[in-house]
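What follows is a pair of complexes built around chain A, which joins chain B in one and chain C in the other.
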Partner chain A sequence: MTSTSARASIVGPPALFPPRASRRARISRRRGYLLTAPALLVVALVTLAPIAFSVYLSLCAVTAGADGFDYSLVGLRNYAAALGSQALWSALTFTAVYTVVSVTVQVVLGLGVAIIIDRMTRGTGVVLALLLVPWAMITVVSGQLWSYIFNGVYGLADYLLVVLHVVPAPVTILSNPVGAFVALLVADSWKTIPFVSLILFGGLRTVDKELYAAARLDGAGGWTILGRITIPLIRQSLITAVVFRVLQAFGIFDLPFVLTNGGPGNATQSMAMLAYNALFQDLNIGYGAAISCITAAVVIVFAVVFLRAFKVEEPGG
Partner chain B sequence: MRAGTVADIAGVAVGVVFLLPVLWLAVGAFKPVSALGAFPPELLPIPATTSNFAAAFATNNFGVFLGNSVIVGAMSTVIVVCLGLPAAYGLSRTSMRGRGGVLTGLLVISVFPVIVTIPPLYVALRTLGWLNSYQALVLPYVAFNLPLAIWTMRNSLLAVSPQMEEAAEVDGASLPRTILQIIVPQALPGIFVAAVLTFVACWQEFLMALSFNSNAAYQTAPVGIALFGGTFQLPYGTIFAASLVALLPILLLVLALRRWVVDGLSTGSVKG
Partner chain C sequence: MSGVRTRRAALAIATAAAVGLLATGCSPAASNGSGGSSSSKVTINWYVQPLNSTSIWPDLVAAFNKSHPNIEVTLTVGPTNVDTVRGTLSTQLGSGSATPDVYEGDITWPAQFAKAGLAVNLTKLFPKSFWDRFSPGAITLAQYKGSSYSVPSWTEAAFLYYRKDLLTKAGLPVPSTWEELVADAKKVQATGAVKDGYTWQGAGYEGLTCDFSELVADAGGGIVSSDYTKGTLDSAAGQKALAFLKETIASGVSPKATPTFQEPQSLNDFTAGNALFMRNWSYAWAITQDPKQSKVVGKVGMAPLPSFAGQPTPGASTNGGGGMFINPHSKYLKQDVTFLTWLTGTEAQGMFASVGKVLPANVQAQTPQAQKDVGPVGQVLAKLKIVGRPVGTPAYSQVSRALFQNVNAALSGNASVSGALSSADSQITTALSSSR
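Then we have the complex of A and B:
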């Protein structure tokens, strides 16, 4: 990557003037620490330290008193309670299934949209602008809007289903576990397919178009070109999109909170919602922290396995 | 028809499909309550009414939520750029050790699920007496947006030729002066992208805003929009009017800086 050239330009030609170069390197190094320290300190204090503190909280029974909190260590009791509860397994199953389904749908459709944009001869700017609109949507607004569209009495979705003769009369889509799942998927995909396609479009832009022409001359069909040329060449963008999307989907909160409220029953209750409810409805901080930590553990395991499997190189620096 | 023309038509069709739900929101914002519940749905708001906007701002004080969003978003963005730019410089232009590790670590933090930090931050903010305040949101927003802002600005600094700053150094210019007068002007697009993306992220953020500020005087627009309303019937007209006003500034900002935002997104340095 760019790292080697950047480093070379700072250190200069070391062979010619070794003493001067090393002095400059030392000054440069000290500057680096000074300039990065404030930002890294804030990040460490407000993200890393809390993550460690969260692990501690998950091992405690926390009670809120008038002047602060009382913590008493209870070992793994919160984890035992969480892992023994039906609600956790239900939330874990929903979140995992939702993550797999939604990321697959969004990456496949996002790739389709990206390929279309990449092949456009004019009007690309307009379409990119239109795609930025859902991306810039506040997720909560999107949740309210889709809850109106999926309303069981006067919703637009029901109207379309009736007009297309899919159902004879309006159905309460959100009161059905599958319907609620699909509603979440549609609302989520509307906002995230643009994001995925913009990332993949960035990858497609760098592909030499001559390659397609050459493959076509050799008699390769559309699917062969997609599988043998396009996908391997935009591998890095695909991995970026998948990793970002999986981590976001696994932490999903805003959309089910507004659109389905985790329902019907707790069919669409995500891990983040379960943790939130434990914290702010049951006021059980230790238990909520345990659920948060389980969520984080699943995410970390996924990230490590995925990045190993695809042998993603470290970003340069 | 030529393949390019087919792609042009398909592309515009895709763009319009993605725009339609927002148009439905805009139409709903101008419908009277009776028309909002009509089935079959009415395509256009005739007669159009502005009563939903009156309900959002006069009755439900949505202006306060918007003001809080502006204050929190602007403060967070300014702090992110002020802390992030020097860090991006340090990580791209100096020979400090551990740059690769720091950059990887930042990337990992930026995609970590927010929920993990909610219990400890809630406990910490309550202990400090900072629940229901601007800093309760500015502090975590700065920390969670710094990693990607640093990445974005670092990438744009790497694209700037180091010759001019070496010349400035030879001429005896101080480091802050070199950064402000030589580096910043050249890296401006990257700084803009980082600032816009930070502001958009703060403007949309819901989970922390909901968890840390339960007092309406300090709640932001997404919390206001999520919690509007009734036990039995959601006041969709009010919600859509408020949503439309909350969306407009962010849409104008994103569309005005469209080229840079697309570049930022398509180089994969950003989350959605």
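Then we have the complex of A and C:
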């Protein structure tokens, strides 16, 4: 009974079109393609065309002329320069470590919050609405607020650390790499844990609560239920949350831009900041495009490997 | 049937008209090339950065619009961070936007913006006599490969701000060396009159490049070689400058959070009455004397920055200030030139002093009255030893970033003095070689 219910909840709907479709189904499919064609065309124009152009730019030396920009192909020279730069490896290391740490922390805490909300018997709506507030706030604005909190002269964080006797005197949180990393993590988690929680809460709502009762009758404890029932049954939601968060964390820009400006030194300079500096500060378009493409390639490789490793079910599969 | 024909004919006429409008351009200026008709009124957009708490920008716009009925200038005020402004403008101009027509840019931009095609070569647009109104030094800074890309508009430099009430009370003269400044700071800090002795800009951004280049110059060094081929920071002068700055933090003369300080943070510290000395630009004077923003109104003095003991005094001051660039895609070049000619004329330049409290770039407007209008800035400016940043290369942003990131790492205790300077030199040399 238990295993049947569990399977039923994770297996997707039956395939819409069987292998040998009837004539009517073929017509219906063709009509479907026709109707979605304008939307697909728009997506191609606003997504694929800029990506293709970025790849082209990364293979060019872009110079300004009297009549506009000149693009001359230079092969992989921009990639060679980027991969030979210490700044890129430093940014890549920071971004990768930050992604792993922040996504782990946010998914674990997000799951905890989601489970609590799922068990609430009243006030769920209010809590869900409140959860949306940090997520809805513009990151540049919240980043500025956090910069006041972590300010080394009058910041609230320093005040609390001293009052709670965590440190004997104010510490310069943003002036050391670990402090700056933690500050980014806290500010980012404040905003994104609600996002993760909402996704996982959606998954938890699909779980049949009788399973928990049955497991308890069989003598299962809280951790066993979490590991054997809850997590397997919300696996799809977890994968969705992790993939979204990894994509966002790897492209992190606005928060370090406002909170640390990549410092101290270049300790919190992300890949996106590196690309921004090349593109908009140094006006080195080809080089900046190469950094962007390297970043995209890393994220795509991760996404493919992750999705294959966790064998995401396809509808009807 | 005839109704259908009529509709088709109307459609054809409308299409032809639309194509015609597209081909000829719809704007009034398109009718006569770059100038616009002399009788029709055109609107040009002017993009500036916040200067200080004065109303200088809207006042200038109002005065120009009043005296030029055929041109209307609209004002856009951008953010304070010059690097953010560069990102905004390079995106906008690089994508071919016709606005802003005229924009204020940093003193470090001409070479980079000229090479990137984001600024008009002004040498041919203005008569030769136009440039006589500026000092030769200001003109050189606005040039790239012998052509001018920026019109100097107001002059800025770094000063030492001090609490004259506290120095008088302690019986101390204004320090002329960095060593004296540190000693004075410690004395006054020991009395409890101030928490901090000296506040400056140590965050990883352009401001740190300015602060550090002054100290390197004081110690007899420079940032890059004179032929712009390599970085020269890892020298005795560079090490002396960095060791001094680190020591101000380590000794408690400067706040521990200095490696996160930009101009607003150091200014807040000073205007709150927490600091004895501050390094800042001349724009800060008006803010220190604004009762709404400052607790030290009437208690502040200004002086040239100190130098190291044994070196000529005063110390070096970085120059800054605003220059106006013209967007290459502007449809109204003629009106842009008219506006900039007026903006750098004696009437508008006098307003920079009387309203904006900053020194005008036009030397004819740098009158005794103007010097009086801008407060102590006017009196002290003539005594400054101005030192430029290495802005003659289009790779200046990379040179500056190599400097401020590595120096900031050393200030935060995350790199050694020689390690940071050596790393900065290596990155500067790479940037310079790739830009040639």
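One rule holds for everything that comes next: the second predicted complex is superposed on the first by the 277 of 317 C-alpha atoms of A that agree within 3 Å, B and C clash if a C-alpha of one lies under 4 Å from a C-alpha of the other, contacts with A are read in each partner's own complex, and residues count from 1 in each chain.
The rule is short, and it goes like this: contacts are C-beta pairs under 8 Å (C-beta built on N, C-alpha and C of every residue); 3 or more make two chains touch, one makes a residue touch a chain.
This is a predicted model, so every value here is computed, not measured.
Enquirer: Thinking of the overlay built on chain A, is A:S90 touched by chain B (first), by chain C (second), by both, or by neither?
Expert: Touch status of A:S90: no partner.
Enquirer: Look at A:A81 in the shared chain and tell me whether it touches chain B only, chain C only, both, or neither; answer first, second, both or neither.
Expert: So A:A81 only meets chain C here.
Enquirer: Mind working out whether A:F69 is in touch with chain B, chain C, both or neither, as first, second, both or neither?
Expert: In the superposition, A:F69 contacts both chain B and chain C.
Enquirer: Between chain B and chain C, which one contacts more residues of chain A in the superposed model?
Expert: B
Enquirer: For A:D254, is the partner it touches chain B (first), chain C (second), both, or none of the two (neither)?
Expert: first
Enquirer: Who does A:S189 touch here: chain B (first), chain C (second), both, or neither?
Expert: It touches nothing on chain B or chain C.
Enquirer: By the touch definition at the top of the document, which applies to A:P264: first (chain B), second (chain C), both, or neither?
Expert: second
Enquirer: Does the superposition put A:Y276 against chain B (first), chain C (second), both, or neither?
Expert: Both chain B and chain C are touched by A:Y276.
Enquirer: Jot down the residues of chain A that show up as touching in both complexes, chain B in one and chain C in the other.
Expert: 64, 68-69, 153, 170, 276, 280
Enquirer: Looking at the complex, which residues from chain A come into contact with chain B?
Expert: The contact residues of chain A facing chain B are 2-3, 6-7, 9-11, 25, 28-29, 31-36, 38-40, 42-43, 45-51, 53-54, 57-58, 62, 64, 68-69, 113, 116-117, 119-149, 153-156, 158-159, 170, 190-196, 198-199, 201-203, 205, 236-237, 240-241, 243-244, 247-248, 250-251, 253-254, 257-258, 271-272, 275-276, 279-280, 285, 288-289, 292-293, 295-296, 299, 303, 314-317.
Enquirer: Along chain A, where are the residues that touch chain C in the complex?
Expert: Contact set of chain A toward chain C: 64-66, 68-69, 81, 87, 151-153, 170-172, 174-177, 261-267, 269, 276-277, 280-283.
Enquirer: If you look only at chain C, which of its residues touch chain A in the complex?
Expert: On the chain C side, the touching residues are 83, 86-87, 90-91, 94, 96, 112, 115-118, 203-205, 255-257, 259-260, 265, 268-269, 395, 397-398, 401, 405-406, 408-409, 411-415, 427, 434.
Enquirer: Within the complex, which stretch of chain B touches chain A?
Expert: 3-5, 7-8, 10-12, 14-16, 18-19, 21-22, 24-25, 28, 36-41, 83-84, 86-87, 89-97, 99-104, 106-109, 111-124, 126-127, 139-140, 142-144, 146-147, 150, 158, 162, 175, 200, 203-204, 206-207, 211, 221-223, 225-226, 234, 236, 239-240, 243, 246-247, 250-251, 254-255, 258, 261-262, 265-268, 271-272
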